[in-house]
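There are two complexes below, and they share chain A, which is joined by chain B in the first and by chain C in the second.
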Partner chain A sequence: MFRRILQSQWKALRLPVILLAVLAFALPLLTVTYGGRLEGAPAGRVAQWLYGAQQIGLLLPGFAVLVGVLTGIGAWTSDHAGKHVYALSLPLSRARYVWLRFAAGAALLLAPTAALGVGSLAAAASVTLPSGVHAYPLQLTARFFLAVLVCYAVFFAISISTRRAALVVLGVIGGLLLADGVLTVMDLRATVTPTVLMWLTNWPGPLSILIGRWALFDV
Partner chain B sequence: MCRAGPALLALALWGVAARAQQPRAPARALLARAESLWHRIGLQDSAAARETLRQRRARRFDAGAVTTLLPEAVGAATGSRVAAGAWAYVRDAVPVDFLAGRMAVGLAATDVEATVRAEGLGGRIRIPVGVEPGPDSLADGWTVAAELARSYRQTLDSTWRVWLPLDMGLAWTMRREGPEAVRELMQGETRAGGDCLAGLISGCRRWLGLDAAAPATRFRPAELRVLVSGRWFPSRAAVGLAHDCTVGSDFACLRLVALGFLPPIPAGPVPLASFAGYVRTRGPKGALLRALADRNGGVGDRFARAVGVPEDSLVRGWRSWVMTGGGQPRVTANLRDAWPAVLVAGLLILAASRSGRWR
Partner chain C sequence: MSHAIETRGLAYRAGRDFAIRDLALHVPEGSIYGFLGPNGSGKTTTIRLLLGMLRPRSGSISVLGRVVPRDLPAILAQTGYVPERPHLYPHLTVREALQLHAAFYAGFDHGYAAELQAAFALPATRKLSDLSKGEMGKLLVLLALGQRPRLLVLDEPTDGLDPVVRRDVLAALVDFCSQGAAGAAGAATVFISSHLVHELERICDWVGVLDEGRLVAELPMQDFKNGIKRLRLIRAPESVAGAPFVVLNREPSGGEQTWVVRGWEPRMAEWLDAAHAELREVADLDLEDGFVELLRASRAPLA
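Here is the complex of A and B:
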């Protein structure tokens, strides 16, 4: 059954997944556009190079979000289009069907992740690093997969959620903004939204994986 | 007759004027009321002036070895917080005996002499602190701490006075200034900075000006030419040297550094403060205090002796610390990173499987 669902998901998402995989392969290679021989490089070259690596690193969390959004929403596109008739016709409980869908989508995430890993390894292999600078291809790939998994899970759950759940989420967001507005009007120094965002993005917050260090080459 | 006419006229006019000067009853009442009001306003003004003076009267706040005289208006809580904050900034950098001989005096404070006499602070050197009496103007004590640090810096030998940032970099934090220090290292155009970034510890030593060697050895002439361009020089001799440097004389460029017309250290105050911050926070207790009290050798030697490690180890540790934002590896994907992600994904799937559009 998993194979059938994976096949249907692949059919629906193959174009974006292939494009994302190509992009994922290319991103780490951008880091080495300054050249590969850095041992004994002139002053400023290593600096430019590391700075470039950092800038490319800044793109990676955004790219992970993009992959998560596309695959998370795309996982349910065919079901939404068919009004869930296909799902209801299967001899499966809803919970099992959701898990299978999720697993199939997560399997598709492996394509861009593997492409990023291959790109990172190729980039790392193509440079001679000066002492004190290291490459992190495996850590970067694993971090990318974790980030993509979180984003995928969020948008997967949002896509299949009921209207009531969507309203609750929107209500919570609106409530936070309203609370901030009230606190500002009352001239109180407390803030709600930044505190919640801080909680979400600082470890062990669920989005903390997106924040932090993402450079392929660093000290 | 001719003489009596003007006299009569003058008499008549005097009579009219005298009558006009006498106010009538309602006018007299109004006048009395106005005078009463004027008097009351005067009293209120003087009461307000007295209150203002009372609010500005100097009051003593102590924390650790820091003594401050601040206007009464800052309030007890704020005053204590300021003194405690200042003490927290200077406690591991400025010796207690130096602080015991000083007191920070808010410029807006009045009746300072009376407070000094009453509190027995007569023998202390006063360090003016330019703050307004409002409760928010002193922040967390940094204004006071910075003045104390500047004052202490002036008592150090010339090696430290050249090397240390003006406020001794005591407010340096990894979170706030760490990225700026790394950015300066990455974007700097000096060979020393490039070498440091590439992992050469000798490059870091030169970039941070830790060696006792002449400042000119830390730069290449081409780098000095970049520094010279667009800079203003105070004397004709310096202008001449700057011109010679610009048109290609390496000797003139190096001479400008030797004479102090160009900065002697490639790194700016933020990276220098990061090194002091590293010694202070990562070294043994009191390391920065001991280093500042040391008067032998270059800055690097002094720091290394204070920490008790070879200079190269210290510099290597600093490089790794500052470039990794406090010692964290740059890119991580370990169990610590993984479990929140997996937990959140699992919870979301659980939620999605329990309710949905067709249930």
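Here is the complex of A and C:
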């Protein structure tokens, strides 16, 4: 059952997934190209190289979000097209069907993750690092996988939610902005939205995986 | 008589204008039950309620002796469903759609499905998005029949299909019913909705008529065919109180009156004799006329 759902999901999403996998493979290699050669380089040059490599690393959280968004929303595209009638007519509980869909979509995330891993290993193998600088291909790959999984889960949930749930989410966002507006007008030195964003993006917030250093090479 | 589908006091509302009201369906096991009604009468909504896709406001639903929605997976495992509109994933090929569907049904009959695929001339490698309307209709029926279900629920399965495809689909249904469901003690039950009266006339043995969310009539097809008559009367009584039949419609024509009645039997002429009316003619109504008269009577009942 899972194999068939995975097969169906793969067929629906294979083009974007392959494209994302190619990008995931290329990004770490771009780090090396961007940084140039290191043999016999002075310390200042190494620092510059590391800075350049880390600039490429800044793209990775955004790329992880892109992968999560495309696969999360794509997981339900086929069902949306048939207004979920097929899924609802199948002889299994709704919760089980959702888990099967989720697991199939999560399995597709392995393709860009593996590509990023291979790209990172290839990039790390292609340079001779000066002492004190290390490559972290496996750590970067693991971090990328966790990040895409979180983003995938968020957009998977948003994509399946009802119009009412979407209105609730929008209402909450609107409420936060309104609260900030009221606090500003009342000249109170407090804010709500930045606090909520801090809570979401700082550990143990669910989006904290996207924040911080995403460097393939670091000291 | 045991029922494959039974509802009691079923009520559902969608928006301000549409509601299913106090619906009491009794679909005998092993029957081919035609669910008739004009467009927008609530047939699709009723089917979605029966299959647990919508939640009723009140009332109870029992399908194959189990309770909806509590036992839905067990019910759906034995139910083949052909929806009004195609609901399959358009990026799959016919073969892939079959493989995906079969994965959910332990008793899926691959041999029978292959037979039907050949009979319907469905190309295995064609994408569903490239299928014609007729081919899609056939595929939906194929998937439902391949399950060898105890209950087959068909929502306007031949609507919009050309006569050749329609005949193929109906022939496959009749063939399936004559074979019976695999593993089931008796014949399969078929619940088929349509607004094409003449189509159901040929295959159904029970009929239910829905109009504006209400069940107007539910009776054996034979009674529906034979029980609705047009009577031509002279000196027709003013009151129909105590009549042993149901007067659906009465219209004056010259010095006579034309009555459309339901539940007519020849011995009931005695009641007219006793009322000093003269019965000039008893004419059969075809199913479509009977259907129209039923709807007319339900919308504007006689005082």
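The criterion applied here is as follows: the second predicted complex is superposed on the first by the 211 of 219 C-alpha atoms of A that agree within 3 Å, B and C clash if a C-alpha of one lies under 4 Å from a C-alpha of the other, contacts with A are read in each partner's own complex, and residues count from 1 in each chain.
Please note the rule applied: contacts are C-beta pairs under 8 Å (C-beta built on N, C-alpha and C of every residue); 3 or more make two chains touch, one makes a residue touch a chain.
Since the model is a prediction, treat every value here as computed from it, not as a measurement.
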So, after the overlay on chain A, do chain B and chain C clash or fit? They fit
Once aligned on A, the angle formed at the Cα centre of chain A by those of chain B and chain C, in degrees rounded to the nearest 10, is 140
Practice problem: Check whether A:Ser78 is in contact with chain B, with chain C, with both or with neither, and answer first, second, both or neither. | Solution: second
Should A:Val196 be classified as contacting the first partner (chain B), the second (chain C), both, or neither?
neither
Which superposed partner A:Lys11 touches (first chain B, second chain C, both, neither): second
Report for A:Leu92: first if it touches chain B alone, second if chain C alone, otherwise both or neither. second
> Between chain B (first) and chain C (second), which, if any, makes contact with A:Ile209: first, second, both or neither?
Replying inline: first
| task | Determine, under the contact definition given at the top, whether A:Ala157 touches first (chain B), second (chain C), both, or neither. | result | first
Q | Partner chain(s) touched by A:Met1 [first = chain B, second = chain C, both, neither] | A | second
Q: Based on the superposed arrangement, let me know which partner A:Ala114 touches: chain B (first), chain C (second), both, or neither?
A: neither
Chosen between chain B and chain C, the partner touching more chain A residues is B
Min C-alpha distance chain B to chain C after superposition on A, in Å, is 6
Dual-contact residues of chain A, meaning touching chain B and chain C, are 88
In the complex, chain A touches chain C at residues 1, 3-5, 7-8, 11-12, 78, 81-83, 85-86, 88-93
Contacts from chain B onto chain A in the complex sit at residues 185-195, 197-200, 319-320, 323-325, 328-333, 336-346, 348-349, 351-359
Chain A contacts chain B in the complex at 38, 41-47, 50-51, 54, 84, 87-88, 94-95, 98-99, 102, 130-134, 136, 138-143, 145-147, 149-150, 152-154, 156-157, 160-162, 165, 203-206, 208-209, 212-216, 218-219
The answer for chain C against chain A in the complex is residues 51-53, 72-77, 79, 81, 83, 85-92, 96, 99-100, 103-105
